[in-house]
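What follows is a set of notes on a single structure, which appears directly below.
Chains: A, B, C and D, in written order; residue numbering restarts at 1 for each.
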Amino acid sequence: MIRFLLGRLVGLLLTLWISSFVVFAALYLAPGDPISFLTGGREVSPLTLAELRHQYQLDQPFLVRYADWLGGVLHGHLGQSIVAHQDVSTLIGARAQTSALLVGYAAVLIILGGIAAGTIAALFKGPLDSGITLGTTVGLALPSFVTAIALISVFAVDVRWFPVFGDGSGLLDRLWHLTLPAIALAVSSSALIARITRGALREELGREHVETARSRGIPRRKILRRHVLRNGMIPVTTVAGITVAGLVAGSVVVERAFNLNGLGSFLVQSVAANDFPAVQAVVLLMVAVFVILSTVVDLLYPLIDPRMARGGTQ
Amino acid sequence: MTELLTVEDLRVALPVQGQMRTVIHQASFAIGPGEALGLIGESGSGKSMTARAVGRLLPAGAQVSGQIMFDGEPVLELAGAALRRYRTTDVAMIFQDPRAHINPVRTIGDFLTEGLRSTLGMRRRDADRKAVSLLAEVGVEDGERRLRQYPHQLSGGLLQRVMIASALVANPRLLLADEPTTALDVTTQSEVMGILDRLRRDHGVAMLFITHDLELATAVCDRISVLYAGTVVESQDAESLHAAPRHPYTAALLASRPSLTVRARRLPVIGGRPLAAFEAPEGCAFTERCRWASPVCEEGRPAPETHDHGQVNCHRTTELGILGSEAVVTEPVIAEPDKSSVQSRGQQP
Amino acid sequence: MTTLTLRRRALPRVARTDPGLGPVGWTAIGVIALLALIAVLAPWLAPHDPNNISLLDANLGSSGDHLLGTDASGRDLLSRLLVGARSSLIGPLLVVVLATALGLTVAIVSAWLGGWVDAVVSRILDILFAFPGVLLAVLVVAVFRAGLGAAVAALVIAYIPYIARTVRSAALREKSQPYITALTIQGVGAPAICVRHILANLMPLIVAQSTLTFGYAMVDLAAVSFLGLGVQPPTADWGVMVSTGQPSILNGYPQESLYASALIVLAVGAFNILGDRFTERSQRSTR
Amino acid sequence: MTVSNASPAAPDRAPVLQARGLRRVFRVPRTADRPSGELVAVDDVSFTLPCGGSLAIVGESGSGKTTVARMLVGLDTPTAGDILIDGEPAGPRARSRTQRRIRARKIQMVFQDPYGSLDRRQTVASCLDEILRVHFDLSAEQRVARVAELADLVGLDERMVRGRPTALSGGQRQRVAIARALAAEPDVVILDEAVAALDVSIQAQVLNLLADIRDRTSISYLLISHDLAVVRQLCEEAIVMHCGSVVECGPTDRILDDPQHPYTQRLRASVPGPGWVPGAAPQPSETRAGEPT
């Protein structure tokens, strides 16, 4: 068990380290020169240029800069934004809260809605199943930005139950403001989870050990709870974990659609402005969250599947 | 003798891709209290489905006709609580593959005591104690520790013993054993079969024993029914079936199995392949493989003829009587060796 | 060893008749074929120049001249939607073809060789897995400037691990079949076994996977274009149109976003449904 | 590569296959029961298969019999010991394609699983044709003729040959597998539980087929099996393996009628037959508690 935990932890750190290198190297290799942005296209004296380069450490060799940057990241300094002339950490702080709230909100919707719909579809054959299956087929074909646009056009123009733009202030008001974005973010993922749940439960219903339980006269309710749902949740957990982790990236699109001032919008702005330190920081942060979330799910696995508890395969 | 279980004219069809497909045409047999009946057949003969029909475990959408009586109760009409009670306390099933038939994410203890606790309302401590004593009976020591283990931590032979213990835990009156030892090694099979046989006799439980192994069935069963293509073709006392088969299929089956004690120059062979129930033609299903087949065999299903030791379903049984191993067609499987040498042919330029 | 007898006699043997794709599947194929045809013939079908700005005709409703009305710059929506089919379909097609080709090559080679090669490849795939598609696209666009090419390249890289994982595990299953051992013993070469046997047997799975991937790629590429990082305006593209039409919604003219969204949903839905049908069939064929 | 039509028991010929002191050790994760991290799967196994003879390796799961077969066909490397083919040492492991082809012309194998041992998308004809192309330089017409000949040998009709394995029953598939093994014209065919998965009536057909083939060619069989009756039917000689080692060897009749080693006795007594009482076979010492695998 300890070995299993350590193995996962080492894997996590390795992945994070390599990701940081990839992120840094990618932007180092970028053909656009941040200096030209700093100078705003004006002619500057070679001296000023050198000073600027020094200020942003652009005159150092690649590995030195990478080491510096990584050291800073480890101490919580994500670098200086070239555009805002501010520490990126400061710029990210408040925005990260909005994004985290949005992702969390959507995750709750996805897990509750998806698993509930999938379970109902699996257990009640007939019109209910067909209806949910049709719903998931449509839901899967709905990109988050399309749902966002649809929600905006309904709630901004026709009915005004929910606010369409802005972040709000205070937790309740913010959640109120984040409702539509969270729904937009959750729709297609809920459909996916519903589908996986339905498939997993149907498969489990047909399993031999369920036949055994039936053969012993165990009441249906108990069979469903103790055998079908319990075992079916194993594959669902895997997919739900990856899906929720993936919301971190998906939020970029939704934030943009609803003009939310979160990490995603910040990332898109920074890309448009060639603000490399900011892009580096945000991408790294998102990758880190994604990787950590998937590792957490991996670590949960032995708890729900005893076959995994002895350190991996079989 | 009043029978514990009687199955009469059982017919089962299952939906396969939207069409009903017959898996059992005509199965009739009976089991007395404490008696063991072997149900023999090759793949596709419908033997597993027969056991499932008795246990009311057929897949959804199955069409069943005929009659199954358990202790005077019509099994096919049971529903709700009565059906659950039947499954809990009257019959218990032992499956072929314990690895698949025991929930992998629950402990052995949970598996053994689930029925006791949820359907008989026994308290956990009492249920555990009963489970441990049953484990000891099937030869599993340190039951306390085993109860906390998971199925993947046990070998196949051990898991099948756990399955047997779980079948006996609620003191059923009939065991449905579906090839309980087929997946095991020979020596393990012998051990597990010995345990099953002893416990069954000790507890006075009747058994429907499904297998493809005639020798094994002869050793552990009082009577044997032979299934071919979804039809029971012969039922006899185990000893006399082995010694004096009356249906050509039984005789052929007995003869074509290589012997442990004698090497045959050529094995007597039944030509063709075993038919699945849905492929069976109008007349006797065995006709096209039968050495004694005559035009009369194609005219409808043969009715059962009773004799001293049992019943046989064969149109020509009065003419044929008891069959020896000469009942078997020895078909030349391959053409006569007309080529000089098979091996040298590919060498030619 | 002895476990084999289990499988043989589990259920009565059933002749595997292929029920085909069914009416829904064929409808999906019809939709896809129609969209592809539109993409090919768009320049001839479009009644107007899709980029012809005429501010006087802004946000017109549907009329004889403009069947679906116009956008905020007075461009004919029908023409833009027709022409937009091109970039909206070619992008995902490129992603699917490249990602599948690379992913399945990596998967089959690493499954076949096994050992340390497989271990290293799996590790690399795990790391690639840490970059969600849209995020990688944003990163690549930041490096190489916005455009369809950069977004496609990013998605190819992001999708490789997904495709490679599925194909690898299927290839490992196939490799463990005795017939592969038989061929190895016979001295049949590894490339022949991999291509003629393993790949051939995985083909139904790969086709199903690619069809589903097309849907995902379409969503992701449209999202990148929606963010303004993919296809650049004024080029007509469904994802871009959803985005550029957004301000008009608040003014009560939702048509541009609405029509473009509808087409995306239609196309993605058709690919998803077809992919599901293919998946069912490929699962049946391996049984 | 000449294949002689010499009478099966040509005394002057070297044994077609010989194993001397075969040993195979696997590295496994260290566990409480296995602190060394080593698993001895096969330990000091020797046997001789005379030209035209037939030998059975008898054992249950975990006896190491399958590992022996894998080493013989070159899929696995012995940790120690030699394999001699026609009296000449075979390389430790057939790694290259050429080495494999050379060995394939000597030793072939038929597997247990009739469903997995054929490519389900390949017709029977193309399956046999592929093997012929690997080993022989034949024209297309010659290959077609040879495929027909092989099919005829194992009793498959033309319709089956043109079809895919999915249309065939288990017994028919096993015939295809036998034809495929014979296509390379080997001296030895290893039958790895080749009839274990078949129905009784089909098993008899295949056993007769194997006997007929042996009558008509100078081929030798090495049967890997747990089924003593099948061993008696097919093989003159047998070795009994238990936990990686050979516990008994000799003529099949002697081993089955008068087993010497306690394990062989137990195995023999475990097989149901007339007068058999379940569970009456001598039990091993209490060690067989069936610890976690």
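Throughout what follows, a residue touches a chain if its C-beta (ideal position, glycine included) is under 8 Å from a C-beta of that chain, and two chains touch if they have at least 3 such contacts.
Model, not experiment: these values are computed from the prediction.
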Practice problem: Determine the chain that sits nearest the middle of the structure, using the mean of its CA atoms as its centre. | Solution: C
Quiz item: Two chains share more C-beta contact pairs than any other pair here; which two are they?
Solution: B-D
Quiz item: Based on CA centres, what chain would you say lies at the far end from chain B?
Solution: A
Quiz item: How many angstrom between the C-alpha centroids of chain C and chain A?
Solution: 21
Quiz prompt | Centroid distance [mean C-alpha coordinates] between chain D and chain A, Å | solution = 54
Self-check item: CA centroid of chain B to CA centroid of chain C, Å
Solution: 50
Quiz item: Which integer distance in Å separates the CA centroid of chain B from that of chain D?
Solution: 30
Exercise. Enumerate the residues of chain D that touch no fewer than two other chains.
Key: 61, 170, 226
Quiz item: When you check chain C against every other chain, which residues touch at least two of them?
Solution: 2, 5, 8
Quiz item: For chain B, which residues are shared contacts with two or more other chains?
Solution: 43, 97, 185, 212
Self-check item: Parts of chain C lying in touch with chain A, wherever the complex brings them together
Solution: 126-127, 130-135, 138-145, 215, 219, 222-223, 226-229, 239, 242-243, 245-246, 249-250, 252, 254, 257-258, 261, 264-266, 268-269, 272-273
Quiz prompt | Contact set on chain A toward chain B in their complex | solution = 207-209, 211-219, 222, 226-227, 230-231, 234, 304-307, 314
Quiz item: For the complex, which residues does chain C have touching chain D?
Solution: 1-2, 4-5, 7-8, 16, 177-179, 181-190, 196-197, 200-201, 285
Quiz prompt | Residue numbers on chain D that touch chain B, as the complex places them | solution = 3, 5, 60-61, 132, 136, 138, 142, 146, 149-150, 152-155, 169-172, 182-183, 185, 199-205, 207-209, 211-213, 216-219, 226-230, 232-233, 253, 256-257, 266-267, 269-274, 276-281, 283-284, 289-293
Practice problem: Could you please specify the touching residues of chain A with respect to chain C in the complex? | Solution: 11, 14-15, 18-19, 23, 26-27, 29-32, 137-138, 140-146, 149-150, 152-153, 156-157, 188, 245-246, 248-250, 252-253, 256-257, 267-268, 270-272, 274, 276, 279, 283, 286-287, 290-291, 294
